[in-house]
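The two complexes that follow have chain A in common; it is paired with chain B in the first and with chain C in the second.
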Partner chain A sequence: MKLLNATLALTTALTAPGLALATPVTFTTQMNSYGGDGAYLAFYVTDAAGAYAGSLWMAGGKAKYYKHLPGWYAATGGDVGQVDGITGASVGAGRSLSITLDLQDALFDAGYVLHVDASVEDMSDSADDVVIPLTSATIGQAVVGRRYVQSVTVSK
Partner chain B sequence: MKPAFPLVALAAALSTSVFGVLTAAPIDAPLQARAAAAAEAAQSAPFILLADGHDDDDDDESWGFGGWGHRGGHDDDDDDDDDDDDDDDDDDGRAGATVCPAGQTGCGRAASPAPAGTVEPPANGLFTPGAKPQVQLN
Partner chain C sequence: MLRSIHRWPGLAAALLVLVLALGGAALSVYPALERLGTPQAEGTLSVAELASRVAAAHPGLEQIRRAPSGRVVAWWFDAGKPGAAVIDPATGADLGSPDPLPGLRWLTDLHRTLFLGDSGRLVTAAGAAAMLVLALSGAVLVARRMGGWRRWFDRTRGPFAGRLHVDLARYAVGGLVLSSATALWLTASVFSLLPDEPPEPAPATATAGLPRMELAQIELLSGTPASALKELSFPSPDDPADTYTLTTDGGTALIDPGTGEMLSFVTPGGWERATEIVMMLHTGQGAAALGLLLGLMSLSVPALGITGLVQWLAARRQGLRIRGNAAPGQAETVVLVASEGGTTWGFARTLHQGLTAAGHSVHVGALTAFDPARYGQARRFLILAATYGDGEAPIAARGVLDGLRRLPAPPLAPVAVLGFGDRSFPDFCGFSRALADTARAIGWADLMPMATVDRQSVQDFARWSRDLGTVLGVALELSHLPERPQTQGLRLISRRDYGAEVQAPTAILRFALPRQGLWQRLTGQGFARFEAGDLLGILPEGSDVPRFYSLASAAGDGFVEICVRHHPGGLCSGMLTGLAVGGVVQAFLRRNPDFRPARGSAPVILIGAGTGVGPLAGFIRANRRGRPMHLYFGARSPQSDLLYGADLAHWQRDGRLSRLTTAFSRHGARHYVQDELRADAAQLARLIAAGAQVMVCGGREMAASVREALAEILSGVGQSPASLKAEGRYAEDVY
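== the complex of A and B ==
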């Protein structure tokens, strides 16, 4: 019995922290009716020092247009490896994009900031269309975008 | 320049008919030669351009008014949410095209990234290993 208890305690101790580290986080993006074609959107995160930490999502599958996502491109040099497996279709005007990702809890309340760059064919590029500090306070709050993005809401 | 081709082709076709009639009458050799040349030009002219509503200058990456213009004059996808289906895959996707500054890894290719669900998200420390994104577009 003692051996069973010890085994249970050990397995719990090993698995519980791992479970606690990950949380499904949903990013809901509502686009404005800007009157153009589908927008390319780059979701990426910077750390407390403002350095690029990684990409969360790329809406738009053609790498040759990524240079029109200024902040993301400056941070990554257009490295498509940064968005392998996290790339989907561009988002049309007036449409809504909902992305649910299993993210590390350490992303929140640690100075990380979500940036969303946007670009639309034949229209001007929009770096930092939305900027959201990833804190407990911003969870569930719709943050208004500057140009193509009407709002982004981060929810857990 | 290209809009002139259909006009030239049309004129050549009309000329061919006229010259065809004229060849029944005695005419001088240079005129016949010109008629033959015109007929040949008419046959080889790209008549399909007459039915093509857009110019094909293939400036996929031209900058419009500050933004990118990858379809030139096309206006067929006003609610485009599937940019992956157009056929303008030009040279930017070739292997070896360098898009990263010196010193960065994972560069040297401009090919499109792997779509979500086909490979795991990058190991950038943000994602839980093995978890795939869920996406909904409305």
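== the complex of A and C ==
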């Protein structure tokens, strides 16, 4: 269980005055037993236009491997500053990761989409292993991943 | 200093290094297994063909990777389910799960991180650094012990543990240096301490609105051989702007799936290529045979650890208690020991016992503790000094020479230096010689001239003790037994008797080869392997002190043969010459590798007298290739003590012996071998100029006369017995 009390420095549209209401949101990620070493996971958000809005979490400590998280890497150009202070350990096969963040309420039902990229040593990189539109409807629903992630649940 | 650098990290890091080495050795097998279990693509296969085969079998193909072993793995996502398999490049068919072989991940994790993540990586890197320091300092020590880098692969000598340590190390050290240095490189790479980040191709997007081309139509894919492929990623079906990403040995390219054009390209930098090579060298991935070799070398690490520890413990034991040691201030005789392995302490103990029994008060101490003021009653100093390898001071005596030079005045009591060393090194007893020279230089009076003991020779030590007894006015004959040897019973199977008529009863004794266990045969211990010229130690009944006889046969002859002359009153020679066929003696083998013909086909001049002909006859018997061998043989009378007379004639007929020259001291012209040498001076000089080797076996006086005669003969050709000896072409076995 990881608890992070930080308001995300997302794009200016999200931090505009009057939208500063924040609520703790928990992301619970369960990994598949894929038979490899610990996975690097990048959690990031795109806006309604599909443009990068900000990063929520980076599981995996060595920046030299971030290019194996193709969606995140393409969106940020590999900018390590985007995950400064929101980085943790990689997540082993079959294990789960839970992160709690203070997110602005305006992130929900506004076209924002959560993307999770995954990468495992000596295995294929998996961009968009999980994609979850951030809407009231998806809260509490376990969304199934493609390859390494079994599911991600967003809960308030 | 160097040796402590080699020792302390050795002990501290032993366990860590052991885990890393054994893990590495186990891991080294995997690349070879993978290579063997991988079907190889045909040489003409292109990336496009390979990818088409895989894509046909697996809709939703996302990525193909090819390992240096040729193993091809594909990943796909089809009908909502991910899949991955090893692919047969010839057919595109699945060969099963791409999961690593059993144990590989566990071993890799242990070897990299000890299951401790990044902190574990730092610990293993420290282990690799320790290994590197050990290997490099050890290499310098080996070179020093062998007498130089050029003698790296010369024969090793000394106690078994030390020999095995050096033997293993000098073959394995290259691999250990390579493995540990590459390990440090890889650690630095993982922690991004090296600028070896692979460059990324500039981002590019596919031309909008075009359908995706067939793989075979994309020039870059059909023109690239599958053997160069590292990775091919397919454009996402959901993203029309996505491209192919092709990575080969030459770089990474982004390819437009609609036009087949290369959109951007980047080649790896020098650092990245270097890291790739280092990775291959360290893991054996892509160089399986090298990997196995390095793994094999890693296996030597446990043995190196154990033999290193044994040596260290043996060196520590040197301070064993001396019973009845007199106090330094009371002793009249002070024995000072500078010893490497501790064997010299054994001699010191024997000396202490002998002198104490003769009524002297004796103190034995370490040479490093030497301080003239401590020995108020000292009448004489005896220094027993070992030399390590080629002239190096033992650890236990470093700084001693400087200490002597700093003395304000030389000690009043005179000193005698006895050097212990190995004559096979060019700088024999170099340290004790330096010690004696320094003593003389500071004006310390000599009690006796410096003497030497070659390879713990019991005879050398006994001779010195006799001389010491003469100086002290006591009868002293010290028999030192370094360790009671493990003997085996040898049964006499035949004897030939000579010399009774000339008052020199002599016998050629032939013993049955004792039965050898499997272990002895495998390790060449005991009587499993020996050559003529090696020494047979025999323990006479009623004594623990062995007598040594030169062997006249090799293990291959199937018997153990020696020549023995009966000395009046001689305990061992009396027992042996009186032995009846079927009788048994207790014996052991000691190697004497310096007394045997050098390899090659250069002529050999053998010079022997009396029983000294034994090993020479053994060399001739073994000379089945018919290399030129000239024997000068001194005896008393042709009718009585011409040992091996009939054999020599036979060997001459079948070409094993080129020429036989005999000298008889009690018959005809009454010649000695040295006279015959002088008579053949011209021919001998020619033979030696042509590279001949000289081997002398017999009594001390005979050897001295031969040396003198050869010095005269060789002065004409600018050589001398000493210069030949320096070249390894003059060997003596003298008793």
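What we mean here is this: the second predicted complex is superposed on the first by the 136 of 156 C-alpha atoms of A that agree within 3 Å, B and C clash if a C-alpha of one lies under 4 Å from a C-alpha of the other, contacts with A are read in each partner's own complex, and residues count from 1 in each chain.
The rule we apply is simple: contacts are C-beta pairs under 8 Å (C-beta built on N, C-alpha and C of every residue); 3 or more make two chains touch, one makes a residue touch a chain.
Everything numeric in this text was worked out from a predicted model, so none of it was measured.
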| item | value |
| --- | --- |
| Touched partner set for A:Gly61, first chain B, second chain C, both or neither | both |
| Which superposed partner A:Leu41 touches (first chain B, second chain C, both, neither) | neither |
| Touched partner set for A:Ala118, first chain B, second chain C, both or neither | neither |
| First, second, both or neither for A:Gly92, with chain B first and chain C second | first |
| First, second, both or neither for A:Arg147, with chain B first and chain C second | second |
| Which superposed partner A:Ala127 touches (first chain B, second chain C, both, neither) | second |
| Touched partner set for A:Ala75, first chain B, second chain C, both or neither | neither |
| Partner contacting more residues of chain A (chain B vs chain C) | B |
| Contact residues of chain A, present in both the chain B and the chain C interface | 37, 61-64, 67, 78, 89, 122-125 |
| Chain A contact footprint on chain B (complex, rising order) | 60-61, 64-71, 77-84, 90, 92-93, 99-101, 104-107, 109-122, 124-128, 131-138 |
| Parts of chain C lying in touch with chain A, wherever the complex brings them together | 62-63, 65, 75, 77, 82, 84, 97-100, 105, 109, 117-118, 190-192, 197, 200, 203, 233, 236 |
| Contact footprint of chain B on chain A as seen in their complex | 21-22, 37-38, 40, 45, 53-58, 60-65, 67-68, 76-93, 95-104, 107, 119-125 |
| Touching residues (chain side chain A, partner chain C) in the complex | 35-37, 61-64, 67, 74, 78, 89, 122-127, 146-147 |
